[in-house]
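Next, two complexes with subunit A in common: one pairs it with subunit B, the other with subunit C.
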Partner chain A sequence: MNKIFAIALNTYKEAVRNKVFYIILVFVLVLLAFSLILATLALGEDDRIIKHAGLSVINIFGLLLATFVGVNLVYEEMERRTIYTIIASGVTRTQFIVGKYLGLFLTIFVNVLIMGTLLIFLVGIWHNSTITVSLFLALYLFLFEMMIITAFAVLFSSFSTPVLSAVLTFMCWIIGHLSEDLLEWSRRLFEQGSTGTANLLYGLYYALPNLEIFNLVNYVTNQEDIGSILNAVFLYPLYGILYAAILLMITILTFERRDFK
Partner chain B sequence: MAILRIQDLTKDYFTGFFGKRFRALNQLNLEVEEGEIFGFLGPNGAGKTTTIKILLRIIYPTSGSAWLLDKELNETQQQENIGYMPENPYFYKFLTGFEFLLFYAKLAGLPQADAKKQANKLLDIVGLNHARKVRLSEYSKGMVTRVGIAQALITDPRLLLLDEPMSGLDPIGRREIRDLIIHLKEEKKTIFFCSHILADVELLCNRVAILNKGELIKLGTVDEILAAGRSRYRITIEGLAEDVVERLKQSAEESEAVGSIIHFTTANQEEAQKLTEQASAAGGRILEFRPEQGTLEDYFVREVRS
Partner chain C sequence: MRKTTLICIGILIVSCLLFSWAQGKIIEARSGIRIEEKILMLSDRPEVTKVAALGFDSALADLLWVRAIQYFGGNFSTLDKPEKREGLINLFDNMLALDPHFVAAYKFTGFVVNESVKDSNLAIDYLLKGADNNPGEWSLPFDAGFIAFYQLKEYELAKELFIQSIFGLSLTHDASIQTTGLKPGFSEEAIIDGDSYSNAEFTCENSSLTIDLGAKKTIGRIWFEHKAPAKQTYRLSLSTADTPTDFEDIETTAVLGVYFHDFEPPTEARFVRLDQFQTEADEDVFAVSEVKVFGARNPKTPGYVERMAYEMDRAGGPVPRRLGTIRAVLQ
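Moving on to the complex of A and B:
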């Protein structure tokens, strides 16, 4: 376990000491400040605008961080051959993958924590805006979405180039947010008699993650119904953890018998 | 006593779209004795790094096995007895020298206090204590190599695998690493040492194995290998007429003119004596007659080319 933590901490340190991390963070701060300007322009809609813009910015930059740091994570270790000395130190490949994953997730967690705290602070000081539990819930669930995206990035990074991994991770993110539509298409196709395609889409709906359940932006800003709060607090996070664990297991399986050239 | 035993180690790679088989290592058999510096030589692509990678489980063998201290090398637990420094090491540049060693000490499972103590001790041994708080991105190539060797020593292993430790270093850097290796031998470490710089191998190693195209072509002590190589003779003569020089060149292996002085090199003693007699008879003055021992490099180049 100590070896996993050592790798995780080292991965976190690498990300934090990378200038890109700070550039992204500064950019986020600027954008969050910009949401205040937007709020002053939208009369009576301040609360909605700040929360909507703030959560969207956090979502997008969390995704960018997970993708761009994640896709380089394993690939660069192999390219620079730093993995040689790690494996030679008696670290198993499973420990290496889990450590790298946890390190990246820790980076994103800290990042979301900083951005989220700032958003809550802005909402708190803004005269027409109020801090609600839904805001905390949205940030909490977003972390589990990032858990899945990070696992995808690490999976793709273990066998393909960073560019291809980034494209594949983005595709998973897009499809993950459209998975309800997959189900709808499948139903329509089934009604039209195209059972083959309908079954394929139905299978894809279950195989691909449903990331929309982690998106509470409309719930926070428009009080959209999200069903049971218990589901949001316990069931959806459990789904996120299990999905990420399965992706990690696939990564470990592909990595275990691999020759590092 | 053999610390490392390699038996019938073979590695095939499958390349290209149709998975064409390429044999990088063929039935390698070796034994490395405890406490020796073992030179593992070969041109690029000979299979040296492939062998090291198999020993470290970075790649898996197609067939064959290796034993460290009579235990088969397929368990992660065995790794603590092996230290490894890769060729052209690239380490985490964002870490300081101390943090870097601390990280590897933790990977080796040392508790925090012991890890710190070991990192400090090793920085002392490799002479980098002054740069302990400097990031590796600021280190020179020689310093990176030294911190790489410190990393390899983190578990106080009995066997050190050093892949091209002198590669790309200036003469001072080479000398420092050479001295460090000698110091490690005095500390009773066994060193398995890959290098292209044969002068260093000749100076440091007790025994040498030469590998070419995945096959072991020679194994023995440096003295045995040099004795098996040809001795040459160098004769320096002054005051020869041009036509005599041309005639003598026919019986010499090499010749080099420096003003009125000619250096001839012959392959054996008989040829050398004959050439000296002919030169004296033609009025030349013999300045030097010297037998020359072939170097490991001569032997290596000849064996690999043949």
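Moving on to the complex of A and C:
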């Protein structure tokens, strides 16, 4: 366990050394620009715009961070041959992958925490508007979306080049946000009697991630029911953790069989 | 200085000069094209835009909102021209599909389509679509009602919309109706079809009219209306129940034209029954033109909306006089 934490901490420190936290500075600038410019253009709807823009920017930056840091994680270690030293020092491949994954997730977690705090500060203090529970819930659920995206990035990084891994991770993010349509499509086909295709699509929906369940950006300004709070607090995060765990297991299995030569 | 450096600086200066010249030419060539219209080249199928938004629906709706305001500001006097109208309507459709709960956007769309695009019916459609998606927002049906009153002079429609802004949509829209004593040639549908000018006539003896709301619902108001053939006072009895046999009497009352009963606090029931019909002239004809059952009163709706709804009953008067009355009501 200590070895996993050591690798995780090292991954986090490396990300900090690579100046990934500069992304927060960009975030602040974007948010300030939105606040100052749109307040004058939005005809009284600046509160709503700042919340949506803030959460969307956190979402995009989180995705970029997970993708571009994640896809290099394993690949760089192998390119620089540092993996030999690590494995030779008694760290198993499983510990290496889990440590790398946790390190990257820690980096994203700290990023989201800082960006989220800044957003809440801006909404509550500067704009003096209501900070709703859904705003916190949106940030909370977003972490679980990142948990899955990070797992995809590490999985692809374990057997592919960074560019291809980044493209594949990004594809998974797109598919994840559209996968609920497969379910709807499957239902319609089932009603029309195409059971075979309907079952195939249903199976695909089960296998692909559903990232829309983590997306509360569209609900933070609407006073509508965001579904059962219990689902948002427990069920959806559980789904995220399990999906990431499955991906991580596949990564470990792939990496165990990989020849480093 | 090294030779390579000098060459680089030379190329840089020449490139900058050429770039500046090219940029000037581009600005000149594109001077006739309004950049702002490029944003209107959205998909004409809002459902496609929604899919393409990849979860950033509300954020994209916000961008379109800012763009719509700027576009309106720059073109407000020419938006009734087909080429301007098409792009703007497309922009509105996309914006509202992306965020169906964006109340300010519905109000703005209603205002622009009515005032600048000059299509009052379409403006009412947008506002009512907003009311459907945001049932608690009294101002959307109110704005639609005001357009119906002021622009279209459709006072009956305006009254309906003002009432909708107080109580929401009538629960009778998806209710079934059972009657006894309905005279031949008259239909039950006439009672709940929303047209208060078509009557259904009953015999007074042993007649009743029962509305089944389909499930137990919150009832804030029961509305009964009669407009033809002769104005006279009716008497009827009103009762509600959870089962079709277990009616609890609310009141027996006299009616002249319009009658309504408000429940304070709102009551819960599935069935509403009107019976024990009597007419002032002791005739055996009891005419009902409309019965509506409404949900609980929206506490946010201002009191003047109800008074405006009743003003709409004075249909047919010239608009300036009616507007004067409305102004008096608003004061």
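One rule holds in what follows: the second predicted complex is superposed on the first by the 232 of 261 C-alpha atoms of A that agree within 3 Å, B and C clash if a C-alpha of one lies under 4 Å from a C-alpha of the other, contacts with A are read in each partner's own complex, and residues count from 1 in each chain.
We adopt the following convention: a residue touches a chain if its C-beta (ideal position, glycine included) is under 8 Å from a C-beta of that chain, and two chains touch if they have at least 3 such contacts.
Small disclaimer: the values here were computed from a predicted structure and weren't measured.
K.L.:
Kindly say whether there is room for both subunit B and subunit C on subunit A in the superposition, answering fit or clash.
P.N.:
When both complexes are placed onto subunit A, subunit B and subunit C end up side by side without any clash.
K.L.:
Examine A:Leu178 and indicate which partner it touches, taking first as subunit B and second as subunit C; both and neither are also allowed.
P.N.:
second
K.L.:
Now for A:Ile87: first (subunit B), second (subunit C), both, or neither, which partner does it touch?
P.N.:
first
K.L.:
Scan A:Asn2 for contacts with subunit B and subunit C and give back first, second, both or neither.
P.N.:
In the superposition, A:Asn2 touches subunit B alone.
K.L.:
Contacts for A:Lys13 in the overlay, against subunit B (first) and subunit C (second): which applies, first, second, both or neither?
P.N.:
A:Lys13 contacts subunit B only, not subunit C.
K.L.:
Taking the superposition on A as described, I'd like to know which of subunit B and subunit C A:Gly44 touches: first, second, both or neither.
P.N.:
In the superposition, A:Gly44 touches subunit C alone.
K.L.:
By how many Å are the closest C-alpha atoms of subunit B and subunit C apart after the superposition?
P.N.:
Here the least C-alpha separation of subunit B and subunit C stands at 29 Å.
K.L.:
With touch defined as at the start, can you tell me which subunit A residues reach subunit B in the complex?
P.N.:
For subunit A paired with subunit B, touching residues are 2-3, 6-7, 10, 13-14, 17-18, 80-92, 257, 259-261.
K.L.:
Flag every residue of subunit A that touches subunit C in the complex, lowest number first.
P.N.:
38, 41-45, 48-49, 52-53, 55-56, 59, 174, 177-178, 181, 211-212, 215, 217-218, 221-224
K.L.:
Inside the complex, what are the residues of subunit B that reach subunit A?
P.N.:
That would be residues 13, 53, 56-60, 76-77, 79-80, 82, 84-86, 89-92, 94-95, 99, 103-104, 106-109, 148, 151, 154-155 of subunit B.
K.L.:
Flag every residue of subunit C that touches subunit A in the complex, lowest number first.
P.N.:
It is residues 51, 54-59, 62, 65-66, 69-70, 99, 101-102, 104, 108, 136 of subunit C that touch subunit A.
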